[in-house]
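Several structures are given next for inspection.
What follows is subunit A paired twice: with subunit B in the first complex and subunit C in the second.
Presenting the complex of A and B:
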């Protein structure tokens, strides 16, 4: 059973992730009064990248991104095997660290600036992720995803504050405006392309695919809050994703100070507050 | 029994011998052999006692008691004299106060005191012995070559006093062994004070004004620790009439909460927790092996050791909770301050303070899960931190800087060293390495006990992520051609570094075994239950491990099928790869510097906050312990 879901994840996630990327572009285009790309566009983009020549600044920079992809797939496999949720978060962190180190290795001013911001973003969202896991543990008495997802009632009723905090950092995790500091899908930012500035061809394609996997994992995390009822859970995930796109299109980029402080403030007030109240209720 | 005696006296004998030995070569040989013997001795203790229950030894000897007493007096006189000579009134007052109390106690109360067992050895003692014996000796061996270079090329102005240096180093190890084997609290106190003096002498080794000032600062704080210890001994005598660790713990919470709180206060100072953290920061002036010793296997670990010993009493009390808050806050603020440090020694020092805070947090919570995490933290932290300090020292001897920004491109200049640094840092925070396993355990322990304490772990770890990755990143960022300068590092320095690197990786592999042989039996002795890690989790850790270890394999493809270009600079690249044509045609050099966020995570701000909050917490801890009857 676990093997099947792992294999399903590894095969299907890039398609779902690609579709999500398309949805993002399509909805964004519609919001801006454009037609938007056809559904296979993200896949064409990646296929095209695969045929490009590989340019590098430092010869080993691509290896880090290769391991970024591997670590992300590994993380997803853990998630869909229903393993320990903390371990999943740590594995995802490991993947992101490869991503950042790759940009460091590229030794280029723009990717370097991207690393600093990516690290700040990681520092911003990490507490909420772990606090969510702890909140789920307090309710379900288990860190195992396979037990959390089949819990006998809706987790969101116990963890509304954490859900709010999670939705807030969802935009950071997706590197979407107003939190697209480290790198952005739009080439209009002051950091050129930030973290990915010096990556081309196959490696850039790998990064893109890794991001698709990452989106699926992040949204699956959101799913857990509603896991009791799959229909409502899928609806909630869709709504969450739409929300991120909507916010992406309505807010301008903010400074890193605001990203860090607001997400930590929300983590403390809503995340920790939620856990605090839960602690006394469950006691 | 003989083995315990051997481990305490052997380093002392070697120390005395090294003090009078002036020959460089011979000293090197003796230090190496002695280090090897101490390692073997520690392993022998493991081999002969791991399958046994706690063993107590009477080891009563009037001679030893007397000798300790007189040595204490002599040392007190020495400190008193040093205090007067360098005009440190606080030192004089503190040592006077402490000695007067102790002498009165020895003269008037000692006779009425019956001590059945002076020494003991249990699983925690074995863990500590391994940490002290193996890491301590490796640091000593490293110091042979390091100190030679230190005096020969880099710090010519510092008086070469290596005889004295190795004398104190080995005496330090001896004192540490004494601490972990003592059941008699008076003996424990004796060794406790020896470590205070040893650290004072080592921190002041350079004999500059700064070194002297910092050494006295460390001494004064640790003398306060000594006074807290003495008061605990006296109180314990008058309230319960005991002076043994096991008897004291057996008396139960009601009888001994105050002395336990005082001993914990003493431990907090040794472990450099807020508000006493400043002495460890000042200790950075000492040569790298000293820092490695103080930060990893000795001194600070003595501080947390005593708290772990007393954890049984603390469990479920408000005293324990206060202790946990102090530890948690230290973890959080220490990690924050480390973000603002661009000096690598500063980062290491604050990360030590922070990680020790995490151990104190676990000791304060004192459930069996928290203890599990705490013991693992001690092991993993000692290995990785000693490696990091020694590497930074070796790098410092070559590039004459400890600034992280100056380590840019170290992967080209000192490839092996930079890989070791990366291993050490990965060991400090990255999945699936050691410290992360223990942080994970700590997280679970907090979630089961009081989820509010989770907040400290969560936010502190996030901050840690930032400053470690930033440093690793700087090492691998390469701009322009640089030459390899690694060849100047000697063989005796490489060997300990290699061993520590393999240990850092190895303990992660063998940690299930370490748990099974040492940590789990220890918890069963104490709590009657233990933590069992799921096999699936271990399997996953191993898989992650394999993944990380496979990473270097990708270098098979190094430079294949790629075209090397200059970095994009948004301007024309000119001349070399790092220059561009800027405004008005001026040719500029590109520079990359990490964020240190001093404005937000500044040392001053958080240190002051930490001191104020922790003083309040300590007062509450003591106040509650006094009131609780």
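Presenting the complex of A and C:
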């Protein structure tokens, strides 16, 4: 059973991730009164990148991005095997660290700026992720995803504060405006492309596919809050994704100070607050 | 594959445009023209781009910038000159600071005239350039797969600039191995290279009029010293290095023995020359904690 879900994840996640990328671009275009790209656009992009020449500053930079992809797939495999949620969070962090190291290795001022900001963003969302795991443990008495997802009642009724905090950092994880500090699908003058500036061809395609996997994992995490009822859970995930796109299109980018401070403030007030109240209720 | 045509990513550079054409380029992104429906995205990063759009004439200050942008783009790539200034220099052509159209600096694939160029024309120009992009991709692929088209011959002093550019590209990997970017081939000056031509014989590998590999030899007391073997990193693993060395060997008159040297950490080089029949006969200490490895091969009689 676990093997099947792992294989299903490895095969299906790029397709789902690619479709999510298309949905994002299409909905954004519709919100701006444009037509938007065709359905297969994200796949055309990746197929094109595979045919492009590979230019590097240092050859080893591509090596780290290979590990980024592998670590992301590993994280997803852990998740869909129903493993320990803390392990999943740490594996995802490891994957992001490889992402950062690769860009550091490229040693250009733009990728440097991108990596610094990526690290700050990681600092911003990490507390919420871990607090969510703690909250889920307090309710279900288990860190194992297979037990959390099949818990006898909706987690969201116990963890509304944590859900709010999680939705807040969702935009950071998707690298969307107002939190698209480290890299973005849109051109930023001062940053060029941030973390991915110095990557071309196959490696860039690899990064793109890793992002598809990443978005599936992030949305699966959101699914856990509603895991009791799959229909409502899928609806909630869709709503969460739409919310991220809506916010992306309505807010301008903020400074890193605000990203860090606001996400920590929300983690403390809504995340820790939620856990605090839960502690007394469940006592 | 068709995906190349369906996902053109663009980088736009303003030469010395009056901004008329620039505004029309930006207009292409708006809801009225929406080029994203064709998969076109304005990337703002030459390393991610397939199409380079240039508006305005080239002036003395930005010619290097334009060349740099072009060289930073990964192959296959196309250049579209937008507006009359970019195609020819227009009324500014005779100005003291103007070089002329974009084609004075880099090869241009599509010329789109107009003052200012209309968004419809810009889109048409980009679509036209995609056919060329597809063609270029095909040639690149043919080049990479069919090593037959490579011609190897003797190089002359007129090839020195090409060889210098190539060696700075090819020896980067060696410089990385030893974390030393001052190794002789990386630091060699054009004058120094030209002096080398007096004592040494240079050979080159050429593909579609583009230099992709080179090697140099000189013979003294019956020993032919082979050095400066380099192949453009894009064309590695196609046997070009091997063919260069073999060619150089057959053109070394009066040599009884061939010698090369490399350094201890360059395992790939050592394995490569062992594959060609060379054997290590001497190791000696060199500067910077390096060990120089000498390899030799007797001429078959």
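The rule we apply is simple: the second predicted complex is superposed on the first by the 281 of 283 C-alpha atoms of A that agree within 3 Å, B and C clash if a C-alpha of one lies under 4 Å from a C-alpha of the other, contacts with A are read in each partner's own complex, and residues count from 1 in each chain.
Quick note on the criterion: contacts are C-beta pairs under 8 Å (C-beta built on N, C-alpha and C of every residue); 3 or more make two chains touch, one makes a residue touch a chain.
Being a predicted model, the structure only gives us computed values, none of them experimental.
When the two complexes are overlaid on their common chain A, residue A:107 makes contact with subunit B while staying clear of subunit C. In the superposition on chain A, contact of A:37 is made with subunit C only, not with subunit B. Of the two partner chains, subunit B and subunit C are each touched by A:198. Residue contacts after overlaying the shared chain place A:155 against neither subunit B nor subunit C.
When the two structures are aligned on the shared chain, A:51 is found in touch with subunit C, with no touch to subunit B. Applying the stated contact rule after C-alpha superposition, one finds that A:131 touches subunit B and leaves subunit C untouched.
In the superposition on chain A, A:19 contacts neither subunit B nor subunit C. In the superposition on chain A, A:59 makes contact with both subunit B and subunit C. Applying the stated contact rule after C-alpha superposition, one finds that A:222 touches neither subunit B nor subunit C. In the superposition on chain A, the residues of subunit A contacting both subunit B and subunit C are 53-55, 58-59, 192, 197-198. Every residue of subunit B that touches subunit A in the complex is listed here, in rising order: 430-432, 436, 440, 443-444, 447, 450-452, 454-455, 458-459, 461-463, 465-466, 469-470, 472-474, 476-479, 534, 536-537, 540, 543-544, 547-548, 551, 554-555, 557-559, 561-570, 590, 592, 594-595, 600. Residues 25, 29, 32-38, 40-41, 43-45, 47-48, 51-55, 58-59, 185, 187-189, 192-193, 196-201, 204 of subunit A touch subunit C in their complex. On subunit C, the positions that touch subunit A within their shared complex are 1, 3-4, 6-7, 9, 30-31, 34, 36-37, 39, 41-45, 47-48, 50, 72, 74-76, 137, 140, 173, 176, 234. Across the complex, subunit A meets subunit B through its residues 53-60, 62-63, 66-67, 70-71, 74, 78, 83-84, 86-87, 90-91, 93-94, 97, 100-101, 104-112, 115-116, 119-120, 122-123, 126-127, 130-131, 134, 137-138, 143, 192, 197-198, 257, 264, 267-268, 272, 275-276, 278-279.
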